[in-house]
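Structure in structure tokens, see below.
As written, the chain order gives the labels A, B, C and D, with residue 1 at the start of each chain.
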Amino acid sequence: MAVLGRNGRMGSEAVRAVEDAEDMALVAALGRGDDLQGIVDAGADVVVDLTVPSATRENVRFAVEHGIHAVVGTTGWDDAALAELETQLAAAPGTGVLIAPNFAVGAVLAMKFSELAAAFFDSVEIVELHHPRKLDAPSGTAARTAQLVAQARERAGLGGSPDATESDPQGARGADVDGVHVHSVRLQGLVAHQETLLGNPGEQLSIRHDSFDRVSFMTGVLLGVRSVASHPGLTRGLDGYMDLGL
Amino acid sequence: MAVLGRNGRMGSEAVRAVEDAEDMALVAALGRGDDLQGIVDAGADVVVDLTVPSATRENVRFAVEHGIHAVVGTTGWDDAALAELETQLAAAPGTGVLIAPNFAVGAVLAMKFSELAAAFFDSVEIVELHHPRKLDAPSGTAARTAQLVAQARERAGLGGSPDATESDPQGARGADVDGVHVHSVRLQGLVAHQETLLGNPGEQLSIRHDSFDRVSFMTGVLLGVRSVASHPGLTRGLDGYMDLGL
Amino acid sequence: MAVLGRNGRMGSEAVRAVEDAEDMALVAALGRGDDLQGIVDAGADVVVDLTVPSATRENVRFAVEHGIHAVVGTTGWDDAALAELETQLAAAPGTGVLIAPNFAVGAVLAMKFSELAAAFFDSVEIVELHHPRKLDAPSGTAARTAQLVAQARERAGLGGSPDATESDPQGARGADVDGVHVHSVRLQGLVAHQETLLGNPGEQLSIRHDSFDRVSFMTGVLLGVRSVASHPGLTRGLDGYMDLGL
Amino acid sequence: MAVLGRNGRMGSEAVRAVEDAEDMALVAALGRGDDLQGIVDAGADVVVDLTVPSATRENVRFAVEHGIHAVVGTTGWDDAALAELETQLAAAPGTGVLIAPNFAVGAVLAMKFSELAAAFFDSVEIVELHHPRKLDAPSGTAARTAQLVAQARERAGLGGSPDATESDPQGARGADVDGVHVHSVRLQGLVAHQETLLGNPGEQLSIRHDSFDRVSFMTGVLLGVRSVASHPGLTRGLDGYMDLGL
């Protein structure tokens, strides 16, 4: 297999992870400006794209054209780009592409479990905690989790979580994302953490994910590399490769 | 619907919960020594059995005989009793029985999510925390969770969690249940709490359930009452009624 | 000793707690309308006031007048009332009065530890979690903790916690109380919980208090009853009786 | 100031931390084999020793001999070595030495708060969680915390925590360190974490420290460097420099 974006933070971690994995052989690692033909010449069966939004679409197009499966962690895929890719894949029936916004399996499972549990609880709120250099609040993952939770509650016929708050002059109740309260903590020393709290009379279920280091993404990248060949066509989200019996 | 065991701790909570539920009508509530015929005379469609091991088998046999669905939270069902019940149910095709060891939906989901996640992590350990009047360690729920987690790891081809411990003279590493370490905390003020910790390089997933009050069981009892009629035959475990898409 | 407000929620708990304490004897328990002379006639040495704001001042005045120590959990003591009480106590040098807003020793310690730690960390935020019937956000205890933390940081010459947030359109960052972010979660099943999070590069210190039941206040009430005689004059806050070596 | 052990893991972090600190100037950084005279020639007022047990005693002796204050994070100081150092310091009245086993201020405070709180709770247990490459259980910090907690309980006249456990065939209750239960979790992805749980009827106080990265030690090293000149003589433990008003 081959890595694209070998000099980036994620790409260099991927090179190390693949080299450490006993069941994989790294045949090529390309950086900015390298000729993509290198992955073909090296005989790569799978390519991992951890490059930049301006490059990823051409990289994947090239890979599929040459029958090479692709595992993609780069952002920048809008609806038009995805539609174009699906058209290309329809004509390459044996080739698989995974495009995943998050490769930390714990984060993917935490989101999925939050969605599954949401139908069974009166209340749900989300707390996300990050390092203080983060520019936006709430985090994209927390906002996405809130949307999934809200949709699951709606499908189950649940209204909003009970809340008798009458006075909150300073906004302590946090953000309201589709009816789900989301709280953003920024704290020196932290990396990326998220907790979904679900409550019924007399009980609480908490689902928490802690990301301590970006190496956490590598478990999912390796899972993607191992699984992409057996999942032809386009798969969005790592959970598509995680057999939960769903 | 009717409640059996109305004077017990769980039974009296159930009476209250059913009375509070807008979509249910309590037509009978029986205590020790009351004639079971009362539930038939009252026209109950569903009976909730929260009695004692010595009574539950006859109660359920009677209910099924009269075409009344049963939701059972009483222990004492061994393999022979279950086989006999299944034989009876085979001859009563429209009648449903739910036998569940735990009606707290959060506890049921925590166990299920622990099992589902187990295949995707290098490490897993379980910490359960209870009030100091508990006689046994680890708790039955923690031991059962460890078994399910161990089986899921085995199915995924995973060995034991990594552990370099060489010196542990006082047993700080806790119990080893099928290869999964289980730790039991006993603390004044607590009720019943359990946490499954799962770890990969750079990340942790934690699934925690807190039971603060036995009223937590009522969410599951009501779910059972609402669902039993549409699940003919024997169902073991509340998760059989919780549609996770599994 | 004697209890005033024996029919209230707190008062009835106090009666039970005193009866259970082996080193105490309950000689009187008065409710609304009972003659205060009853505590003198019964020979009470200490009185616990768990009544209502409109009654507490007269109750305490009467107790001090008769040389009876008082432990007070009732609100309603403004600066004028406290000044008047101190004048009375100056003329009754052997008599002690404790007026405490919170008798849960864990809550008192959590607040004190948060204040002590605040000087040593770059970042601090507070998360409080309560049942969904609570009317105000943030909780009074959380707001008070934030103020104490802010003052401790100022004394240590620390500015605000680092925070690069540029975009927070929905207010996910919560309330800003004297420069300390406070987040309020409202969740079915919870009672009263609070966590102070403190962060430095590479580390986090978390101080959490969980109040599961109002019986938690009784530990502090008993501590007050046992200690008030040896603390003549007015003491505000249970921490005045908790010897931390401070 | 100067750093000894500049090539070690801790020493290289210290060099970086001092360079980043606006109020400090690094005048020398020595590695194995370098002549100690270098710190004198460079005019260092404080030296940080992060070397090895076989070198630290001679390094500190040399520093004190030349009137240079020392902040020492190296282990290897037995009673004899400490006695010898105190004798030397008695003859150098203006010079200060800090010898600390742990420079993470959060860890130091967590231990101190656990000790302070112990007298006020019925129950206390300790859970420590580390990466799975750790060789010993429980951790030294957890064992030390348990000892301090046990001593505080004894001073307060408290017996053991309540515990009705009758059956624990696999040792789920963990280690008993001076009557305090200690539990050791080993989990991939974790670094070094410890939680003290304290319980009374209806309430829990939890004091948790998370060490995510060894950079956490630098906050304490810098605190030591800034404070050592104003603390002549020998100080053991960073808490000696942390003014808690104790």
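Convention: a contact is a pair of C-beta atoms (placed from the backbone, for glycine too) under 8 Å apart; a residue touches a chain by one contact, two chains touch by 3 or more.
Heads up on the chains, UniProt names are A, B, C, D = 4-hydroxy-tetrahydrodipicolinate reductase.
Quantities reported herein were computed from a predicted structural model and do not represent experimental measurements.
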{"item": "Option reproducing the contacts of A-B, where over half of them reappear, out of A-C, B-C or C-D", "value": "C-D"}
{"item": "Chain pair with more C-beta contacts, A-D versus B-D", "value": "B-D"}
{"item": "Euclidean distance of C-alpha centroids - chain A vs chain D, Å", "value": "39"}
{"item": "Rounded Å distance, chain B centre to chain D centre (Cα mean)", "value": "45"}
{"item": "Set of chain C residues in contact with two or more other chains", "value": "121, 189-190, 198, 200-204, 210, 212, 216"}
{"item": "Chain B residues within the chain D interface of the complex", "value": "121-125, 127, 129, 132-138, 142, 161-168, 170-177, 181-190, 197-204"}
{"item": "In the complex with chain D, residue positions of chain C that touch it", "value": "104-107, 109-110, 113, 116-117, 120-121, 198, 200-219, 223, 242, 244-246"}
{"item": "Complex contacts: residues of chain A adjacent to chain D", "value": "189-191, 210, 212, 216"}
